[in-house]
Amino acid sequence: MHEKTVEAGVLEPCLEMKGLDFWYGDTQALKGIDLVVPRHRITALIGPSGCGKSTVLRCINRMNELIEGTRHEGRIVLDGRDIFDDDVDPVALRRHIGMVFQKPNPFPKSIYDNIAYGVRLSRKVGKTEMDRVVQDALEKAHLWDEVKDRLKSPATGLSGGQQQRLCIARALAVKPRVLLMDEPCSALDPIATAKIEDLLLELRDEVTIIIVTHSMQQAARVSDYTAFFYLGELIEHGPTRRIFESPNEQLTERYITGRFG
Amino acid sequence: MTTPGPFAPDAALRRRQTKEKLAQGLLFTASSMSVLILAVLLGRLLWDGLPAIDWGFLTAKYSPLALLTGTTGIGDAIVASAVILVFTMLFAVPLGVAGAIYLNEYAPKGRLTRMIETTIANLAGVPSVVYGLLGLAIFVRFLQVGANMLAAALTLGVLILPIIIVSSQEALRAVPNQLRDASFGLGATKWQTVRHHVLPYALPGILTGNILALSRAAGETAPLLVIGLPVYTTMVGVGPLDPGTPLQTRIFFLASDPRATVQELAAGAVVVLLAVTLLLNLAAIVLRHRLSKRIKW
Amino acid sequence: MTRTKTSEGTAPVDRGVPLFGRKSIDVGARGADALMRGVFFLGGVFVLFVAAAIVWVLLDNSVGFFSFVSPVEFFFHDVWHAVEGANAQYGIWPLVSGTLLVAAGAALIGLPLGLATAIYLAEYASPRIRGFLKPVIEVLAGIPSIVFGFFALAVISPLVQGATAPGTFLGGLFGNAGVFSAANAMIVVGIMVLPIVTSISEDALRSVPQHLREASLALGATRWETVRNVVLPSAVSGVAASFVLAVSRAIGETMAVTMAAGTQAKLTANPVDAIQTMTAFIAQKTSGDTPHQGPGFLSLFAVGAALFAFTFIMNVLAQRFVRRYREVET
């Protein structure tokens, strides 16, 4: 049913990849990826290690360009604009696309300054406004109540799960349209993981989320759509329930049922 | 499409990107300064010094008469440098490598070991001229060696000892522990293990550190002045108890003479010294490079 | 293991050679092992003798010096005139000021250039540029100080004299420099400490985890913003260590300063003046024919002790910084 609505265009596409190829030096990491990511939904990218799912993520905010010797072909269209256009500045682009990494990576600054850092980059913000922005972001990330009394203490003193929620808050504070998450729970315990998954479901209304995950259960729990990658190719893509219950491709089925890692 | 897209830089970002360009340009310029300085330094020294260098310059010994006509040579200085360096290494290498082996292979983790390691770190930071004072008081006067090449070698040896120990320790630390375990597992003693397995494996690394220390000793001047090694002498002996003026002190002597002909000789001597130290450095760099390429297991 | 069992059982045991007692290894190997342990131990503790000898030599002779010259004169008078005879004066301040003047000037040149080079190497340079720049820095670090001294006389001194010649702006501001000036020494020592700053700072910058850079870039920061706000603050103790070590090296540098700055102990802050540093005094005094006794000779050790104290404090400080950034790293 979900699939129908997408096809009918009821769900507005947020991001579209068209024939995306990507190379690290001579090795081709992505082959002709065509993928539509619907707005205000959670799309999970799954597949075995080295299948290219993290590369896809890093193409979207053009972080891959920082590595020497990479190149791409094809297009990624975000809200009607090809992000590889000449007039697109990757720095400007990254303000619209937040990213949360595998390992929580708060800056060695205070909790407050971690959130404020990204906001301050683009404009001067007064103290009262910044206080509000920080509180707002921390509340959205379900962290406010835990840290409101120690905003000035170092972020590195937080637990792993708190740190990761701080990283989410840090990304949300600059009001991105898309949030990229690269296995955000792989370094966390189950309770911390559950908190973050709850958070994602709430954030869906605000931001389009693309999450790379190694855990099939996580994909099934949180995502609306799932894309299965194998050896740099997009094998199958559709509503999560359909992918998990009746995959069209044999490869997808074998992966989902755990017959290869 | 003529309207700027949502991901095009706005005025604020353009300012930030200008800053970025500026920073990058400044950092690049600052980095090029080192290249420029090195080019000017080498270029100027070669320009001044190469014309002075010929076979006669390299072999003739110092004489005050020849200095007057600007034709004196550095042959005796090269010999003195060689004599001093040989005795420096004879003294410092066994002691330094032994110290490194003790610290890395034998020393229990305790107060004595910590004290030795802190001491080495601090000795490495003591100005070379202070080592000169040590040499003057201990070797020249207390042990009555006299202001000769042996005293110079001992002083330089003490000076490069921390360098040898630290670099040899690094080489020993790079030896995989499985190697030691395998040897002990066969019932070898510690010394057998060190001699047959640890040392051969660490040898290239130890060699690299020793070459760098040698190059340091070859150019070190201040301690030699301080112990009272003559800056010129017409006596040419190759025994360690003879006085001798190695290249570096000869340069100091020649450079202090403002006459243009002597300045040219000084430049020539500088080029020779520079060639020796840079070749030693190069050898160490090549050796280290080879080392890093060696297959690891 | 199997033999152990038999020895417990009924099989006959050769009691002459215990199986795993100390004697089971042949005596030669055991003797060699003990001997070598001793040899290596001596190598290890030798540095303690060296350190003790340095401290003893400096202290003992300084005590001798103070039997001729009052500490009040040494520490509080501002004229240094270490000649043989009655009109000698031993106030260390001119030497200290000369040393600090050169070190400050060298720091002004060497620290920013060295740090900028380190940032460029660690954060911007492509592998090809890096492969070229790193050896240049290493070569620069390997050049003996006497060569830099000659370079200062042959190249830097004429430049400084030209820049402060009568009629020039700098000449009007500071006065005219002669062949020897503090400025010569500042510039050449600045060049000499640059590689120290670069190599230690670059190490510190490189040890900042890559994921912190990525976090900043992904938030839409430029590279420079990332360097300034995230990378540099994280590497600050390593950078500080490099600065302190560089200044310590500048204070201890001898030959280049002896050849470039002159031999006049003078209390001044003017870079065009000829001055004398603590190290240059020691080198100059000993290279003359000084009798090995009396206050003139002993003053070498008093100055040496002061020099040792300066550099020792700075090195301890640098080790503190290094330890701190090693801790952050792990």
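All chains are identified by letter, namely A, B and C, in their written order; residue positions are counted from 1 within each chain.
The definition used in the following text is that contacts are C-beta pairs under 8 Å (C-beta built on N, C-alpha and C of every residue); 3 or more make two chains touch, one makes a residue touch a chain.
Computed from a predicted structure; not experimentally measured.
Colleague: Chain with the smallest distance from its CA centroid to the overall CA centroid?
Modeller: Smallest centre-to-centre distance to the global C-alpha mean: chain C.
Colleague: Select, from A-B and B-C, the pair of chains that is joined by more C-beta pairs in contact.
Modeller: Ranking A-B and B-C by C-beta contacts puts B-C first.
Colleague: Computing the C-alpha centre of each chain, which chain sits at the greatest distance from subunit A?
Modeller: Measuring from the centre of subunit A, the most distant chain centre belongs to B.
Colleague: Using mean CA coordinates as chain centres, what's the subunit A-subunit C distance in Å?
Modeller: Computed value for the inter-centroid distance: 49 Å.
Colleague: If you average the CA atoms of subunit A and of subunit B, how many Å lie between those two points?
Modeller: One centre to the other, that is 53 Å.
Colleague: Taking each chain's centre as the mean position of its Cα atoms, how many Å separate subunit B from subunit C?
Modeller: A distance of 14 Å separates the two centres.
Colleague: Mind pulling the residue numbers of subunit A that touch at least two other chains?
Modeller: Counting only residues that touch two or more other chains, subunit A contributes 91-93, 121-122.
Colleague: Counting only residues that touch at least 2 other chains, which ones in subunit B make the list?
Modeller: 16-17
Colleague: Can you list the residues of subunit C that touch 2 or more other chains?
Modeller: 222, 225
Colleague: For subunit B, which residues count as touching subunit A in their complex?
Modeller: Interface residues on subunit B, with respect to subunit A: 4-10, 12-13, 16-17.
Colleague: Quick one: in the complex, what on subunit C touches subunit A?
Modeller: Checking each residue of subunit C against subunit A gives 126-127, 209, 211-212, 214-222, 225, 229-230, 233-234, 328.
Colleague: Mind pulling up the subunit A residues that touch subunit C in the complex?
Modeller: Those residues of subunit A that touch subunit C are 61, 63, 66, 68, 91-95, 97-99, 101, 103, 105-109, 117-118, 121-122, 167, 170-171, 174.
Colleague: Would you pull the subunit C residues touching subunit B in the complex into a rising list?
Modeller: Contacts found on subunit C: 25, 29-30, 32-33, 35-37, 39-48, 50-51, 53-54, 57-58, 61, 112-113, 116-117, 119-121, 124-125, 132-133, 135-140, 142-147, 149-151, 153-155, 191, 194-195, 198, 222-225, 227, 245, 248, 251-255, 258-259, 279, 282-283, 286-287, 292, 300-301, 304, 307-308, 311-312, 314-316, 318-319.
Colleague: Under the definition above, what is the set of subunit B residues touching subunit C in their complex?
Modeller: 16-17, 19-20, 23-24, 26-28, 30-31, 33-35, 37-38, 40-41, 44-45, 48, 94-103, 105-107, 112, 115-116, 119-123, 125-134, 136-138, 141, 158, 161-162, 165, 187, 189-192, 194, 212, 215, 218-222, 225-228, 231, 248, 251-252, 255-256, 263, 266-267, 270, 273-274, 277-278, 281, 285
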